[in-house]
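Both of the next two complexes hold chain A, though its partner changes from chain B to chain C.
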Partner chain A sequence: MSEDPENVEKMEGDSAKPDRMFTLKKWNAVAMWSWDVECDTCAICRVQVMDACLRCQAESKRDFYGKQDCVVVWGECNHSFHYCCMSLWVKQNNRCPLCQQEWSIQRMGK
Partner chain B sequence: MKSLNNIVIKNFKGLPKMPETFFNDGWKKLKIGVQAIYTSQPLEQSFEELYRIVENLCTYNHGRFLYVNLYETTEIHLKSELLPSISKEIDFLGTMNYAWVTFCRQINTIKNIFLYLDRTYVLDNHCLLSIWYMSLSLFKENIVLNGFLRPKLIDGLLYLIYQERQGVVVDKNLLKSLISMLTTLQVYDMIFEVPFLHATEILYKTEGENLIQNYHIVKYLQHVDQRLKEEHVRVINYLNSYTGITLKDVLVHQLLTPHLKTILSTGVSELLEKNILNETGLLYKLVGLFPSGRNELCTAFSEYLKKRGRLIVIDPENDKNMIQDLIDFKDKVDVIVSECFENNFKYSEAVRESFKFFINQRHNKPSELLAKFVDGKMRSKDLSEDEIEDILQKVMILFRFVQGKDVFEAFYKRDMAKRLLVGKSTSQDAENSMISKLKSECGGGFTSRLEGMFKDITVSQGINSAFRQHLNHVYSAGDGSKNLNIDMCVNVLTSSYWPNYPSYDVNLPQEMALYQNIFLKFYMASHSGRKLIWQPNLGHCIVKVEFTCGKKELQVSLFQTIVLLLFNNNNEIPYKDIQEAINLEGNELQRTLQSLACGKSRVLQKTPKGKDITDTDFFNFNDDFTDKLFRVKINQVQMKETVEEQRATEESVIQDRQFQIDAAIVRIMKQKKTLTHNLLITELYEMLDIPVKPADLKKRIEQLIDRDYIERDHNNSTIYKYIA
Partner chain C sequence: MITLSQRLKKQQDQAVSNNRISVRDRLLARELQELSQILPSNCSVNHENVNDLSSFILSIKPNEGFWQGGCFKFGVDVTEDYNMVPPIVKCLTRLWHPNISENGEVCLSLLRQHSVDGLGWSPTRRLNDVLWGLLALFTDLLNFDDPLNIEAADMYRTSKEDFQRKVNEYVIKYAID
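Take a look at the complex of A and B:
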């Protein structure tokens, strides 16, 4: 991060030539985000991890698009599921449904 | 014994005898009196004396003779005096009426003289009529029902009525009096009503047949209404009230029912087309007079709607105006239903049904156009909040009729995405209002993505202000004002909510790539587990530039921007070099260059000149560019893309539908276990609110059989079984 300002400065220096015709003033960029997962469906509920899990959809939680409740969770094995699906799953069986490794959370989406 | 009081009791000498002539004398006097009354001569004796005579005669049991004699005298009077005098007259009806009125007055007097007879003898003999009724009955038998007078009387009455119907002024009092005579004599039903109704029937039968051909529908209806009113007045004026009902029936059956077909088949569509409200209302009122009328009118009404509506929908030439036309049509029809049809529920139902029918005459297109129509209105700057709200309400009404709401959603989403990303939406309130309308119509599932899109935009605004602070904070150490001359904001969108856009991997200028990276790091710091895919095709920029004519700001797309920025280092660049430098796919690059060098605002110049871009072209900066405005928007060349976009949207809808069909099949089969092909298809059509062809359904069934969800019965291949 620390080298970025220098870079910017250098670039600005380069482009500040007097014969420069076009200058970018404002930039409205667009990006799509999605969960950084290897498999885009949740193996437990078979719904895309980008969407809310079946249970949340059925309950049609007023705020389910807020993703507060239906985030993604990654295990140490790097498999990913809906957090809701997984928390129900581990109550029965504390193993990853895909690779049978002991389940422990590596990180959670937010 | 002393006889103090000699009281002798003698026998009666005999009763005092009435003189033999007592009755005859009495009657003689009475007869003279009665005859004098009938002939309107002065009386020899006073009423008082006559009354006494009657009283005396009755007291002495001569009641019977009195009654019989009075009867005879009256009969003779009627037969030999009244009858010939009436028959001779030219003004027959007038004389008849005069005779009747006079006779009534006369017998009223006679009745008073003979009151004692009425009170004693007649009262004791129940089978006898009172003097009043006896006289009336004699009048009836001898005058009214006289073989010669009766037809003359009836024909006369009917002729008078005929004349009045033709518009001649006639003596209504005469009619009234004579007809009330018939009623009093209790022969109204028997000798008058039947011929009257018959004459009415014949008259209006011919009239109806005549006028329906010669009159315009409007005039005909007015005429019928006029006739009905006239006959109503006639009943009030001089007919018996109970005739009114039958009379109305006769009219309806002669003037309306036989011509209903003609009226409904040609007339209705004309009335409706020309929006003639009064007569349409009148027609509704008239057909209400007979049982099936309203239903038949309703059928004709819905046929008209279907025919007319279909014309709006079916013509591809009219696509541009279809929705506005439909809204106008709906408005017009609503007014008709409320103004003319009393908001009859059946008629509103017919409207709904007809709209549903004709709107879906063309699959998907109305849905698509509806979405685009809303888009147009949302972008429009000249509509007030109220106007937009009003339009949205009307759009929703149409939306309810449309099958294939998924098509609407797909197109609406695409258009809304554009509005949101470009900031083209005029009113946030209107957008919200539309979403909440869709939500209440189709449920939260339908709009969750659309709502998510809004949320993304709001969230992005927060992210951007945080990002700006972040930039200021981190980079203010150096010469901040110099470093931060690009105002970058990013809309971070949730990929599952938004339409799918093609992704491009273009080379950004170093400066921009740097900004992009700073943002990426900033974003990831607060949102772990996510990845960002940049959508350069959706980005847009403002670029400052100095021409000979002065400073300008160009409003351009990201692609246009990166092409323009290349010219900072070179004055003339060949096509190939541009492509190499920014690595943009050929078609897209050509469109971009075309917009810059061949469009309305030519910031670049192309050699050789021409409309199309080829690999061998050269481009250079157009120093002489001029424009009235300071900020110039350079439109993208978009035509082709829109067609492709449209196809892509349609395709994605069709894809989604397959899942819907599959789900419906499985749901039905799971419930029914076994079902024949035809029944399954029927159930499917009931469950699916989207236009599908039977062939498509078949294909999906086959698919499910292949995937072992259902199987064919071994014995009967038209029966499907669910595999649990």
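Take a look at the complex of A and C:
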């Protein structure tokens, strides 16, 4: 705790310089992105899990089969992805790409 | 009859392949934009063919460490199967480095397609991570214990001065921008 005020002061001092501003902005962007992924974006294709995955969108599968064709899958680790995206990845490596745990399906659906 | 089914098969293959290119290109368009937003001033990205996003040259000018003063070009090829597979990265500038061979092979864990330790490629990684990884090869990730260029690592162990001298020699010969 005793070191904190020193750090804050240092950062504020540095942020007065324009080149430091850039660095701070960069860190913000990174933090926001990972929060987004944890929430509801498929970390593989970066489309919201509630929407059809990038692959299905590219094929415009929706036009033929409707949206329910592209389902969401939750692992035992509680991470969620599009089933389409995850089934491609597990062929190579049967681990969750976010937490590296052995992948096993907890549930599927929407 | 054979011709018809063959033709259908060909069309199908074409469709599958086109679709994959499209997914790859969509990811690429976004990731290249992200990359341009965070690109440090000592790095640059150049597409030789503006109509082909999938192949570009990443230039790095380390501003600290042994390779300071050099400009190192990496060829990055993003294949159709991206992002299930990592981009193919080759160093196009000859250099003296324990983790980059003189032929340009790059030893960076995140560019490995298969890994059991969780440090290899994963579809959650993106071009930004590749950039940070390559930059770090000149600083934090520089590793003399598990070298690709064994001679370079041995030289460093015997004499850091000799190592630096040889690095400089290569920089002057091959890596001046």
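FYI, the second predicted complex is superposed on the first by the 67 of 110 C-alpha atoms of A that agree within 3 Å, B and C clash if a C-alpha of one lies under 4 Å from a C-alpha of the other, contacts with A are read in each partner's own complex, and residues count from 1 in each chain.
Keep this in mind: a residue touches a chain if its C-beta (ideal position, glycine included) is under 8 Å from a C-beta of that chain, and two chains touch if they have at least 3 such contacts.
What you see is a predicted model; the values in this text were computed from it and never measured.
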item	value
Partner chain in contact with A:Val72 - chain B first, chain C second, else both or neither	first
Contacts of A:Pro97 with chain B and chain C, given as first, second, both or neither	second
First (chain B), second (chain C), both or neither touched by A:Arg55	second
Chain C-contacting residues of chain A that also contact chain B	26, 29
Residue ranges of chain C in contact with chain A within the complex	19, 22-23, 26-27, 30, 37-38, 83-84, 113-115, 118, 120, 122-124
Of all residues in chain A, those that touch chain C in their complex	26, 29, 37, 43-46, 54-55, 58-59, 85, 88-89, 92-93, 95, 97-98, 100
Touching residues on chain A, where the partner in the complex is chain B	1, 4-5, 7-9, 11-12, 15, 20-36, 48, 50-51, 57, 60, 64-67, 71-72, 74, 107-110
Residue ranges of chain B in contact with chain A within the complex	421, 444-445, 448-449, 451-452, 455, 474-475, 477-479, 482-483, 485-498, 501, 510-512, 514-519, 521, 523, 526-536, 538-546, 553, 558, 561, 564-565, 567-568, 621
